[in-house]
Every structure is written in structure tokens, then in C-alpha cells.
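A, B, C and D are the chain letters, set down in written order, and residue numbers restart from 1 in every chain.
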Amino acid sequence: MLEIRGLTGGWGPTTVIEDLSVTVQAGETVAIIGRNGVGKSTLLELIVGRAQRRSGAIRFGATDFVPLRTYQRSAAGLGYVPQEREVFASLTVKENLAVAQRPGRWTQASALKLFPGLANRLTSLGRQLSGGEQQMLSIARALVGNPKVLLMDEPSEGLAPVVVEQLVAALKSAVGDGALAVLLVEQRIEVALDLASRCIIMDRGHVVHEASTASIKADSTRIGELMGLGAEARVN
Amino acid sequence: MNHSPLLNRHRIHWAEIAYWLMALAVFFLFPRNLSLATAIVIMALFALSLDLVMGYAGVVSMGHAVFFGIGAYGAGLISLAGHHEPITGAILAGLAAASFALMVGPVLMGLSGLPQIMVTLALNVILYEAGNKAIAITGGDDGLRGIKLDPLLGLFKWTVFGQTSYLYALGWLFVLFLVVRCLVSSPFGVSLQGLRENTERMRFIGTPVRRQLVVVYVVSGFIAGIAGAVSAQTVKFVGLEALSVEKSIDALVMLVLGGVGRLYGALIGAPVYMLVHQVASEWNPFHWMFVIGGLLIVVVMFARGGMLGVAAMLAARLRGGR
Amino acid sequence: MSALEAIGLVKRFGALVVTDDVTLKVPVGARLALIGPNGAGKTTLVGLLTGLLRPDTGTVVLNGRDVTALAPALRVKQGLVRTFQINNLFRGLTILENVFLAVSEHAGSSFAMLRPAGRCKPLVERSEAILDMLGLADVRHQTITDVSYGRQRLVEIAIALSLDPKVLLLDEPAAGIPGNEVARLLDTIARLPKDLAILLIEHDMHVVRQFAQEVMVLVAGRVLMTGSPQEVMSSSEVRTVYLGGARTTHA
Amino acid sequence: MTDVLSALSFIGIYGVSYGVVLFTISIGLVVMMGLMRVVNMAHGVFAVVGGYITVSLMNSHGVPFALAALIAVLAVAAGSVVVERIFFVKLYGAPELDHVLMTIGLMFIGMAGLNLVFGPDIVPAHLPEALAANVHLGERTLQVYRIFIVVFGAVLMIALWYVFERTSFGARLRAAVDNRGMAEAVGINVRRLFSMAFALGSGLAAVGGAVGFAVLPLEPAYAFKYLVLILIVVSMSGIGNLRASAWVSIALGVIDTAGRYFHPEIGGFIIYAVLIAWMVFRGHTLLHSPSSR
């Protein structure tokens, strides 16, 4: 569904991602983990088209993404929940969803069912929401675009544990029927392992390890090493 | 490129000598056109003052005619008050313009970008309106007439064909050009370029940013004031156009046309602009606006460095063998 | 005597305690690294040390002088100099000119108007000496945009060195540099004068391991531990913090 | 007493109608600067061309005022898209000085072109009979036209409010002003939105020129003459702030009219003094202020 090969790029003159390759199959959830500053968010921004690609291929199904502009990538079926949420501050919750809406199974109503708290605040402006509410809105906004692949940058950040559980359940059901592939950046390893079937560990702009969730759970020592700590890591 | 241009500015290029020899040659080659030549020299001086703040310090002044106008009215009033010695008269008028720059500079230099563009423009409009209303001082639409001057240095009378005027103006241009050249080659000048490139970072290395900008703004105001004064002294008349926004824009266009931040941009842009103006205006003054408008658009779209920029690019290409 | 010392720094933003009783010592010639997960309060601590922020309580002592009340620019004059996370250079100027600007400002020559810059021998020579030290001499006449990003980071350090620091604060110097250039950068940092105290803020453990004699771990605004790189990396507490789970605060 | 009242209502009606025209012309630039960060010194050209087309359709072809204005507005909006595609695309993201220079160039060309086609003189304002009629207000007489403008302004503001706040075009526009990158990421074609906003903005300017030709008289130098006024409105309103620009325009209209009425000698300065004071104290917020409604 999403295929990245030999990707190099970053912000302006910087090189944050170097010669990186990743694929995400339809209906699959892949988690990218790694410590701060290894380029996880930049990788997502390169796929969205807001960071600058230097070389490498990004393919989306049969479509070559490289020549497409950001809005065209979105129209082709790419959803994005950025790290900073980036809700439209001077638009109401309803308008935030309306500008992103595209026909499909996710409607404003079904997306809001995931976040009942948000449904009560339809006429509030984006800037009036709390951090957690903004996060929910950002996720709902991505869903109503009815993407085929959803990129999420630390969606659990700032959400209460109960909401995280709900979100994880909802995402599982969306992915379960093969309708949505997810590429997830997550610092909370337990959330990542819960959602994803496959994990990719990044360091300094490279993929240093790639394995099924099960084998990662079994081999926590190696993960600690890969994340630059050089000893056993405790994973759940 | 095998050198750091900012640290080599003091080196004199052969083309510079050629330029000044040509300016002198005009005196002999076009004895009938010296009044136009004088006007060109004055505008070159004015555009040079703008280059100092805009090209080097990155300050966009849309109302530089304020200083030109103060200098012009200043010199006119000084003469009408009975002081007829031209050089001290011009210096006093220049100081008047510089004092005004010192007054408004601390505020204007605290702004940047669009607010700076608009406030300098608004200041120009206000001063023009004030000049228009203050008939007792400026003579309103009639302007200042009856400006008298002693012979230059007590030796040279002000001739009908403007020989003295031309050499007087050229002398000012040369002297002030040397001052500006010295200024921009100095550590102070390098520091100004740093401000143009990255004001924020200059703060981090400890530069008193605003003080530095005010200093250069005052110097620029002084030079623009001298240009205005010399204009008043050589034409023997000061009209409201000396204070007009059009005058500011004229200087801006000349500078952009010649090349911003290149010292000679002003000195080359002014003659080209004025000569084209002369030809086009005889045809129809409104058509002249087609020409300036077109030139501005061409420069922004295709030739950002102005004529000197294009010349430098061509030279680099020739040297590069392509 | 410590080159830089912070005693009991506390900083609150509203109800949130971002810096919670942090005490640190940077001795002369130290090579100290500061690490911590996102939201640990590294940026705030740097702000408190450099003077961008004022602590609610606590003191900052630079070379034996209390500088808690001094503005950033004055701390720079006293020898506390930082580099920036995101490149912030004079992009249209050559590398020599970039460094010259800082050298000239530091020498108090930025209002000198009469003498051509190129003839100010001491300033030019000092600029070139700094570029030599950082291995930038061969590219000194190239503009910033013409050299690699790794070398741009070195120019950043060169500018900091021009200000004659006693304490140098390097904020993620290796961020955004392609892998093959990191080694050269670390080499160069290793060769900086021995009497210069360096505080490195970094995410990358590989960089920390190569650079630091001592590592300080900041978590949720507090110092979790201080020790040799080996001690820190084998600590189970640190691992827990780095591999998620125990995120007591969020960014 | 009645003198004071009639003077006040005179200033009120004249000031507000002046403000309405100013608002109609400036609002387009407010939107363009908010969305595209384009400084357009030539904005007044759209207004004056709208006015010229309206007047010449009325005078020489006998087209009714409303229809003439409509044709003029559509023509200007269509033409402006061509101008945007050729010239303004080069400016997006370029330094402000480039914007200023290029658009001053465009303004000069516009002025020269109008002179070529319509001659250098001020166009006498011949209002349609219904608008030219007078009503009596105490001892003064007032043209119906002035009242028409005030009513028109109210209708226009409601219409604009509807477009910006209630339509999907408006929501997308505000989203793009808020965060251009994220707007693209949710699938909004911001570049096309730019062109549409440009056409809307210049069309509105043309409305101002067409409806306000008896408030701001048409002449080739129009764009230059009213440039500073337009820029004042834009800079004091903040980015993309519709409501603020309405209040600023009307306040300027009333202040200017009152100033000229009570102190004809210095009346013209008051506006500039206000601008300078504003810039000095608030100038740093310009172009950085978050959009609000």
C-alpha cells in the first residue's frame, strides 16, 4: 500500500532521514519506535510532502507520490495526524472536520462517536480546546478524510488513559477489516506494541531493526541496545 | 570565488577609475547638457544614500525624500536668510536632515519588514502635506525662489551653462562616495551586512542592533540632505516635489535598476534612469510610467541584482568558460 | 573552582514545575553531557543557564560571580556562550566573514568606520586562527550555502569560539547531519581547548558516549542521576525512562 | 443645538459612507495579505478600473448603474486572475521588497494605461437620477447616494460575513490562513484557493471603485493617491481580520471627515498621525498576529 525505498531528506539543508526503506501493507499497522530526535516525525513529514525529499522513492499503491503536492497526496488517500496536532485554531470543531471531509465510511458523526467529549464542543474554536481535545480533533479530522493509509505521530500523547484505550480499540476495528493501513510513530512502547503487528526501530535516520511485535516482546535486550542504551530494556 | 568580498572592499578596481574619468569627461563632451548632468549627479548621490541603508543595512526606506526635501528647503532657507557660502550652507542643510533622521531613527529602526515600509511611506506623506500647508516656510506651490550663492570657494562664479554647478555636484558626489565606500569596507560596514543577513543572530553575538542602525540611518540622512541641498543650490529653486513620495520612489527605482548593495548601483542606475526619463517624457509623461513600471517588473522577475548584478553574472559565466 | 555552577534552580510555568531543584557543576575543562527524554526540561534549563529565563529560586554562578540577574548578552561577555540547535548563520556571507563579524563585535570594533575591515590584521588573523582550529581553513572563502550542513554546524561553533567563551554550551550539535559527517564533527569537538568547559545537550547516546566524561540525566525537571557514561547507560532507571512507560510529564 | 446635531449627522453619514468605500476596497487586500502574504501596492488599480468600466458603460452605452457595476466587477475579477498567474506567482515567498517593487511597477503601468485610454482628467461623477436626488436633514441637504452607500455597506458586510463564516469556501480560506501546511495536508488545494481569493479580493476592490466613484473620484492617479489610506486599513486590521477592517475603515472615514470639517487646515494629518502612533506601538504585531474574527 505504502512503499518507501531509499528515502533521504530533511528540513531545508538538514539530512534527517538517510536511505530509509519501509513498506506498509493494506490493512496493516506498523509502529515506528526509537528515541527522541532520530527522525521519526520527519519520516512522516516526508511522506506527507511537507519536508524536503532529497532522493528515494515514495509509492502509494500504484501511484508515484514524489511529483504530487501535499493536497494531492491527501486526496489520493493519505491521512495525517501531526505531532503538534495542528488543528485550525480559528475554525470551530465542526468546521475543522468539514474542511477535511471526503465521502466514505467515516462521517463526522461516526468519527465523533469515538470521542464523545468532542461531540459536546462542536461550536468551540480550535484554539479553545484543551490539548487532549485538540489531539482527538486532529485524529477525527484525519479519519473523516477517509484515508487508505493513516500516518499518526504520537496520537496517545496528551490523552487520558481511558481515551487511549478507546482510541486503540477504534483503530483496531478500523484496521481489522482491512480498510485502513496505519503507520504509527509512538514513544509509548506499550501502546505501539498493542496496536501494531510489526515494529520498526529507527536510529539516526535509519531503520536499525524490523520485526514482528511478538518477537520484539520476546527480545527486549536487543531493543535496548538498538535504542542506544546498551543493556536490557524493560518492555511491559 | 577565491576571496571574501567584504574583507576586500577597500581594493580599488580599474573600472572605478574609468567611471570617475568618464564622469569628468562629461564636463568636456557635453557642455550644453550640464544642467541635466548635474541633476543626474544629484540623484546618484541621493540613491547612494538610500543604498547605504537599504543595500547594506537592509532597512527599507520608502520615504527617503524626507531627507532630500529637508536638505533642499534647508539650503534654500539658509541662502534666503543671508548666508550665501555654498559649502557650509550645504553642510548645515545636511546636518538638519541628519538631525531629523536622529529624531525618527530610533523608532523607525525598531521596525522591520512591512511596518517599516509603511511607516516610512506615511512619514513621507505627512511631511509632504506639512510642506504644502506651511506656506510661510516653504512657499507652498510657488516654492522657494531667489536663492543666491557666493562664488564657489570665492573663485568660481555660478555660470549660465552650469559648469561650476556640475563640478560642484560632482565634487560632493565624489567626496561622499569615498565616505560611503570607506564606511562599508570597515568593520562597521561588515557588521551592517550581518544585520541585513540575520538581525536576530547579530543580537546573539552581542551587537547593539538598533544603535548601529540609527547611526547608519543618520549618516544616510545626512547624505540625502546634502543631495537635496546641492539640488537647491544648483537649480536656485526648491519646490514641493523635493519632498514628494515620487522622489523617494525615483531613488528606489534607480537603485534597484543599477543594483542594490553594490555602491555603484546608484551611480549607474541614476544616469540610465534619468536619460531614459528624458527621452520618454518628451514623448508623454504618462508613457514614462509604462517604462518605469516595466523596468521594475523586469528587474524583480528576471534580474534581481539590477544591471550590475546581471553584469557580474555574465562576467562570472565568461570566466567560468560557459 | 567551577566554571559554571547552578544551585537549586526552580522554574515554574503556572502550576507546572519545569525545573525542579536542579544543581549542577561544570568544572573548568569539563566535558559534561546533559540527556533526558522529550519534555524533561532541557530547553528550560538551558534558558535558565543562558539568561533567557529567570529562575523562581536558585542561583547561577559563572567563574565565581553570581550572574542570576544578568541578561543573556552580558553573560556572553562574561564567557558563557551557546550554539543554536537550528542553524542560524549569515547565509549570504563567506565563512570567514561570518566569523569576522563575531570576532569584530567581541573586540569592540563593530563601530570602527575608518579602517577597511580587510586591513584590520588582528581581527582577520584571529578569525583565521579559529577557522584553522576547526578545520575550516580550506573553505573559508565559500559562502555558507556552498558547504555541507556538517560544516555549517562547525561555523556555528566557530562563531561561539570567537566570543572567547569560558563555558561553551553545545545544543545538539549533531542534529540533522548525515551519518558520515558526525565523526568529523566529534573529532573537532574533541580537539577544542582543554581548559574550555563544555556542556553538551544531546539525544544521541553514541555522541554522548564519545564525548562525555560525565553524564547528567534530567527527567521531569529533576536530575535523575549523574555519573560516567557507563554508569548511566547501565542504569535500569534510565532505561525505563528512555524506552517509554514512565513518562511523568508530557511536552 | 440643531446645528450641532445636523453637523454630527452630516459627519456621521459622510464619514461612514467614506469608510464603507474604503472598507470595500481594502478588504480584498486584507484577505490576500492574510492568505498569501502578498503586499500589493497596486491594489487600488483594481478599484479604479472597476470604477472606470462602470462609468464608461453608463455614460457612453447607457447601461444602468447596477448592471454596469456588475459587469465591471466580473471583468476585473477575471482579469485579476490573469495578473496573478503572470506576476504574483513569482512573489509568493519572496522578500517584501520584491513585492513592493513589482507591485509599484504594476501600479505605474495601470496608471499609464488608464491615462492612455481615458485621458488624464478626473472623471466627473454623474450619478443616476435616483441616487443624485437630495433629502433634507435639518438645514443641510444630503444626497440619497450617501445613504445608499451606507445601506450597501451594511448589506455587503452581511454577505461577506456569510461567505467567510458560513460557506465551505470561507472555512477553507480560514483554514489556509491559520495553517497553510496543514490545510494542504487535509487535501485543500491552497494554490487554487489563492487564485479564487485573489479574484474575490480584486473583485471587491472593483465593487468599491464602481459604487464609490462619487466618494473617491476616478482619475488615473487614483491607485497612488489612495494607496496610503488602503495600507492604513490593512495594517491596522491585522491579518485576515474582517470585522476589524470594517471598524478601522469606518473609524478612519469618520475621523477624517470630522477632522476636515472642524479643522480643515490640519484635518488631513490626523489619519497619518493615527497610523504612525499605531505603528510605533503596535507595528511589531503586524503580519504576525494570529487571525481572529
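In this text, contacts are C-beta pairs under 8 Å (C-beta built on N, C-alpha and C of every residue); 3 or more make two chains touch, one makes a residue touch a chain.
The model shown is predicted, which means the values in this text are computed figures rather than measured ones.
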item	value
Mutual neighbours - chains that touch subunit B and subunit C alike	none
Centroid comparison with subunit B (C-alpha atoms), farthest chain	A
Between subunit A and subunit B, centroid-to-centroid distance (C-alpha), Å	57
Distance between the centres, which are taken as Cα means, of subunit D and subunit C, whole angstrom	51
Approximate Å spacing (C-alpha centroids) for the pair subunit B, subunit D	34
Arrangement of touching chains [line / ring / star / complete / other]	ring
Those chain pairs that satisfy the touch definition	A-C, A-D, B-C, B-D
Subunit C - residues contacting subunit B, complex	72-73, 76-77, 84, 88-94, 96-97, 100-102, 104-106, 109-120, 123-124, 140-142, 159, 162-163
Subunit A-touching residues of subunit C, taken from the complex the two chains share	37-38, 87, 145, 149, 152, 172, 175-179, 182, 203-206, 233-234, 236, 238-240, 242-245, 247, 250-251
Subunit D residues touching subunit A - in the complex, by the definition given at the top	168, 171-172, 174-175, 177-179, 181-191, 290-293
Subunit A residues touching subunit D - in the complex, by the definition given at the top	48-50, 69-71, 74-75, 80, 82, 86, 88-91, 95-96, 98-100, 102, 126, 141-142, 145
For the subunit B and subunit D complex, residues of the former touching the latter	54, 60, 62, 107, 110-111, 113-119, 121-123, 125-126, 129-130, 133, 249, 252-253, 256, 286-290, 292-297, 299-301, 304
